[in-house]
Amino acid sequence: MVIIVESGADEETVENLIDKVASLGFTPHPIYGVEKTVIAVVGEKTQEKIDILETMPGVQQIIPILKPYKLVGREVRSEPSVIDITDAVSIGGDRFIVMAGPCAVESYEQFSTISQYVKNAGAQVLRGGIFKPRTSPHDFQGLREEGIPLVEAVKEEIGLPFITEVVDVRDIELLHDVADIYQVGARNMQNFALLTELGKVDRPVMLKRGMSATIEDLLQAAEYVVVEGNDDVILCERGIRTFETCTRNTLDISAVVALKRFSHLPVVVDPSHACGRDWMVPALAKAAVAAGADGLLIETHDRPQEAQVDGAQSLTPSTFDRMMQDLSAFVEAAGRTL
Amino acid sequence: MVIIVESGADEETVENLIDKVASLGFTPHPIYGVEKTVIAVVGEKTQEKIDILETMPGVQQIIPILKPYKLVGREVRSEPSVIDITDAVSIGGDRFIVMAGPCAVESYEQFSTISQYVKNAGAQVLRGGIFKPRTSPHDFQGLREEGIPLVEAVKEEIGLPFITEVVDVRDIELLHDVADIYQVGARNMQNFALLTELGKVDRPVMLKRGMSATIEDLLQAAEYVVVEGNDDVILCERGIRTFETCTRNTLDISAVVALKRFSHLPVVVDPSHACGRDWMVPALAKAAVAAGADGLLIETHDRPQEAQVDGAQSLTPSTFDRMMQDLSAFVEAAGRTL
Amino acid sequence: MVIIVESGADEETVENLIDKVASLGFTPHPIYGVEKTVIAVVGEKTQEKIDILETMPGVQQIIPILKPYKLVGREVRSEPSVIDITDAVSIGGDRFIVMAGPCAVESYEQFSTISQYVKNAGAQVLRGGIFKPRTSPHDFQGLREEGIPLVEAVKEEIGLPFITEVVDVRDIELLHDVADIYQVGARNMQNFALLTELGKVDRPVMLKRGMSATIEDLLQAAEYVVVEGNDDVILCERGIRTFETCTRNTLDISAVVALKRFSHLPVVVDPSHACGRDWMVPALAKAAVAAGADGLLIETHDRPQEAQVDGAQSLTPSTFDRMMQDLSAFVEAAGRTL
Amino acid sequence: MVIIVESGADEETVENLIDKVASLGFTPHPIYGVEKTVIAVVGEKTQEKIDILETMPGVQQIIPILKPYKLVGREVRSEPSVIDITDAVSIGGDRFIVMAGPCAVESYEQFSTISQYVKNAGAQVLRGGIFKPRTSPHDFQGLREEGIPLVEAVKEEIGLPFITEVVDVRDIELLHDVADIYQVGARNMQNFALLTELGKVDRPVMLKRGMSATIEDLLQAAEYVVVEGNDDVILCERGIRTFETCTRNTLDISAVVALKRFSHLPVVVDPSHACGRDWMVPALAKAAVAAGADGLLIETHDRPQEAQVDGAQSLTPSTFDRMMQDLSAFVEAAGRTL
């Protein structure tokens, strides 16, 4: 780290600071400029030691040099991780992975119908909420326990793996057999109790970026899972909160590029939740491919029977199908297969 | 709600829309303008019904008119709620409440010393983290279970109530006897499992606004607690994420004014976490009083023996003492007592 | 527009409001719900009339229905505009346009060398700053008047059109002969004096989105130019300010999709300024193509002789060349030519 | 500055970097850590030199240590500047200054009536727009030239100084006699041509913070004026753009505290534009006083004859009067006079 000393600090203050740095087990390297003094500090830092130094007189600012995550960084593993979902499906490799399905699982018929058409169109993973975190307590919270047998029946019928959100540490076990990937939603990205428990399971975890989480925050949250022993974390960009109101959130396409550079973990994009506008989803999906994402999470429509519907953020069967067809040229341009 | 119809929609589309509105149990009032048609919709809405309408052809946008929270709003209760913490201390009334203490409880000696000086300076509630949610899994997570007897000893000695953060549904019971107020941190503001469980306890809950939560999101999160039966929710503004990097977060002082107007719940401000700069805390504390807050949450220093320390976001004993003295004139100007 | 009436408003207040609406020349349509009353208002609105209504007792909120821009919207012109830069180069049509060059024109040799290599790599428009708006008054402000003859010589030599930024209304005439496209920088997007004057010239104008401008703000700024008679406006997405610090700004890729849908004007993307990281530029350039942009603005390096350089946001000759080659497959996938 | 070297950089790369630093006239101090190398650089930096270093191989990041402004900083002048507006009115000293008036000057009668009541209530400076920058070209742009004689007549009658916005370099001279303070609007904060010209006039300049300008950006913009010779710059916080939609902008109250600490220039707050809600203005005005602001800019209503009006962001005569009375206790608590 580098300590920037306050402008008016006298010699004694600087010396005390240097002594403190040394007493904490670091090697201090003071550099005296014309207007400013800085102290470069070599050694293994902890947050506690930084906290102590921050309270010392004369400290203007402490600038960390090392990244605050380790296990998920490229320094530890320079090659991209390929995570196996099932024997047949893995993510992070040559194949571009599309996960699709309804927002919430509502009935056997609904989930079976949608699952069939997304499979036919080329999706490799099914998605659907069983436990739904809703902003308002007055809204529908999902089928909950009752949804599990429905999904198991559909999975067997369709033959694709399934991703679903876990919102409560107490539900991890309950969902264990039905979920091939546990999804952590944006609102729970820093629910450290949940992350820690998911670090102990033998299933891949897809971690959605919080609405106001920095790229570094997301990687630190992933570190919470990996540090407990579960290496199989998939990162998901799903839009951040900005002042723009034209879209529900702002898809941070740069995050895909940055995450792929800083981390070895696979990165997927959820354009449906990022924009909240069905007409925008296909274009953002193409952009995600072009930016280097490993996959997509796409919300498809609950009422495929109402064929001409066109609203909200879910794609109708025909729109999803067309998107998948359009996507293939971009996937190929990116040197991958769909 | 008001449905804005797409510009190019033909007569049949508009009629289908009107029929759908009626079939959902609403009364539709179409208004035909020169360029645009809107349909005003009267009746009790649910998210499901809105979702269905959003998928109808011809719908450009749906504008909700009613606020998405009920129980915590001024419509339900026009007078401000006064919440009793103990027999002696309540919040939301004439008395302005200062809650103070260290970031984390570290030892009996540390917590006892700090508690004594904040009490002497005029604080009415003690604060201190037992379970600490940390951004990095490599950082100190608090004393955890071991911290509880320490705090109980200090509480008895000092005679003030105690507020502490709960980060895991499984810890609610554990903390029940030691916590006079359960604190929900910003990162857990939308941990709905936690909110629901806290709605069932017989203790006040202080809910911190998430870093990217709107005022409406915060009120909806409070509704989650109240809907389960626990009316005693205290709202806390602690800074939001913006592009400004001079402060850790940006204290949204307007939120205090808006929350007091829209809701009957008490509102406190945490200037320490909002700015992350000790030299800024006293000025923001005064601003909070002036804006109409009911109380403050102030972080005080862990090492009061290092008397001249001046760093980070914690106040030293002498700075805290001076702030409390300066505050009194502003509290009086606001028509309250300290 | 729709007027939402305050919850407690009595009958007289609502009637006064309805009378006021009528007296301003509108047709009021009151709708009485159980909890709320709204008044739908039909007629041509102006800001003045809205201001008057906003001050009436009983008004909670006024929701505009019509978009605040007209001439640049798809309602006026449903086909995309194709803007001719020169006889040979136009933008908004089938051909994808890359504009490239250094941040600032520094010397004949520098600009000539860079221009030659970007042309060879496939760029169709040269870019380079003559007047540089700098955040600090202590920084280099560009060659200014002296730069013009240099650029004219290079243009003649290379045979490509040139885009450059105008920062002062008094420089419009000065730059008229050398600039084939006037660029308005992000910091001047709402410099209405400049926009109005540029509405009177016979040259295309490229308008960069302000760092905190919404998509609607950008379209209204474009309207300022078009309303004066200059239809040839090109919109440019170049990143918005968010809390994320990993990139200089956050490229809002959704803005490309939204601008193409709401407006008939061509849309280009400036990935260099959006991210400020050279290693990220090629991936964002591809994403821009995939999202449907009509062109790119790319900063290339000032010192091509230092062949291995790799820093900041400018691309070296070899990186630029490689990016152009990689781009072609994506341009083709998007159904266009490079 | 401190150069952070890329993790994989070899010895030769680091040596080249050190040589380059030295060749630019700096003194390099390399520090070799276990995982990272940093080079502390002593010497006077310019943006050009930083740009060159940023392009060198092996550079991961350059961290500036010195603040990017000089003349407006506390290092140059440790005491707060007191700026004389007229012989009778100055800002930055013991007296708290309220500037009030309508958004736009519309007629002699309107401006005279409002000016009289704001003076009676205690305002010391009149405000009112003559040239109005409007987001839409279809909106009212102010009385323009015709407004000047009206204002001059009212000024003579009332006997208070006047502040008004200048939006075009070509209007500076025109407004010279009527304006006692030139106001630069938020949208023009980085209109460097305008700032440079205002640096040459003999009138105070009030500079409003741009909607997405950092505190550092604002101070650099002020530096543009001061560097040209005009020391009399007043800074104005008027809200920043965030995701929150409950208020028009988010008043950054911390900015007041930070600006007063980093700069010697006076700081005022515009709560009217910050929140856009009349019911919120008085509370924010009190918070501004408590946070240490030197003054306020308040929008008052255009139609004082409609006594019960209550809307938008302007205060009615009675609300303004009550606010001024309430304010006095807070001004006194802050150790100042109204």
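Order of writing sets the labels: A, B, C and D. Residues in every chain begin at 1.
Just so we're on the same page, a contact is a pair of C-beta atoms (placed from the backbone, for glycine too) under 8 Å apart; a residue touches a chain by one contact, two chains touch by 3 or more.
What you see is a predicted model, and the numbers here were worked out from it, not measured in a lab.
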Of all other chains, the one whose Cα centre sits farthest from subunit A: D
Between B-C and B-D, the pair with more C-beta contacts: B-D
Separation of subunit B from subunit D, taking each centre as the mean of its C-alpha atoms, in whole Å: 30
Intercentroid distance (Cα basis), subunit B paired with subunit A, Å: 26
Whole-Å gap between the CA centroids of subunit B and subunit C: 38
Numbers and ranges of subunit A residues touching at least 2 other chains: 212, 240-243, 245
Contact footprint of subunit D on subunit A as seen in their complex: 2, 4, 7, 29, 31-36, 38, 40, 42-44, 63, 65-66, 75, 241-243, 245
Residue numbers on subunit A that touch subunit C, as the complex places them: 212, 214-216, 240, 242-247, 250-258, 261, 274-275, 279-280, 283-284, 286-292, 329-330, 332-334
Subunit A partner contacts - residues on subunit B that touch it in the complex: 46-48, 51, 54-57, 59, 68-70, 133-140, 167-170, 187-188, 190-193, 196, 210-212, 217, 220, 223-224, 227-228, 240-241, 301, 303, 306, 308-312, 314
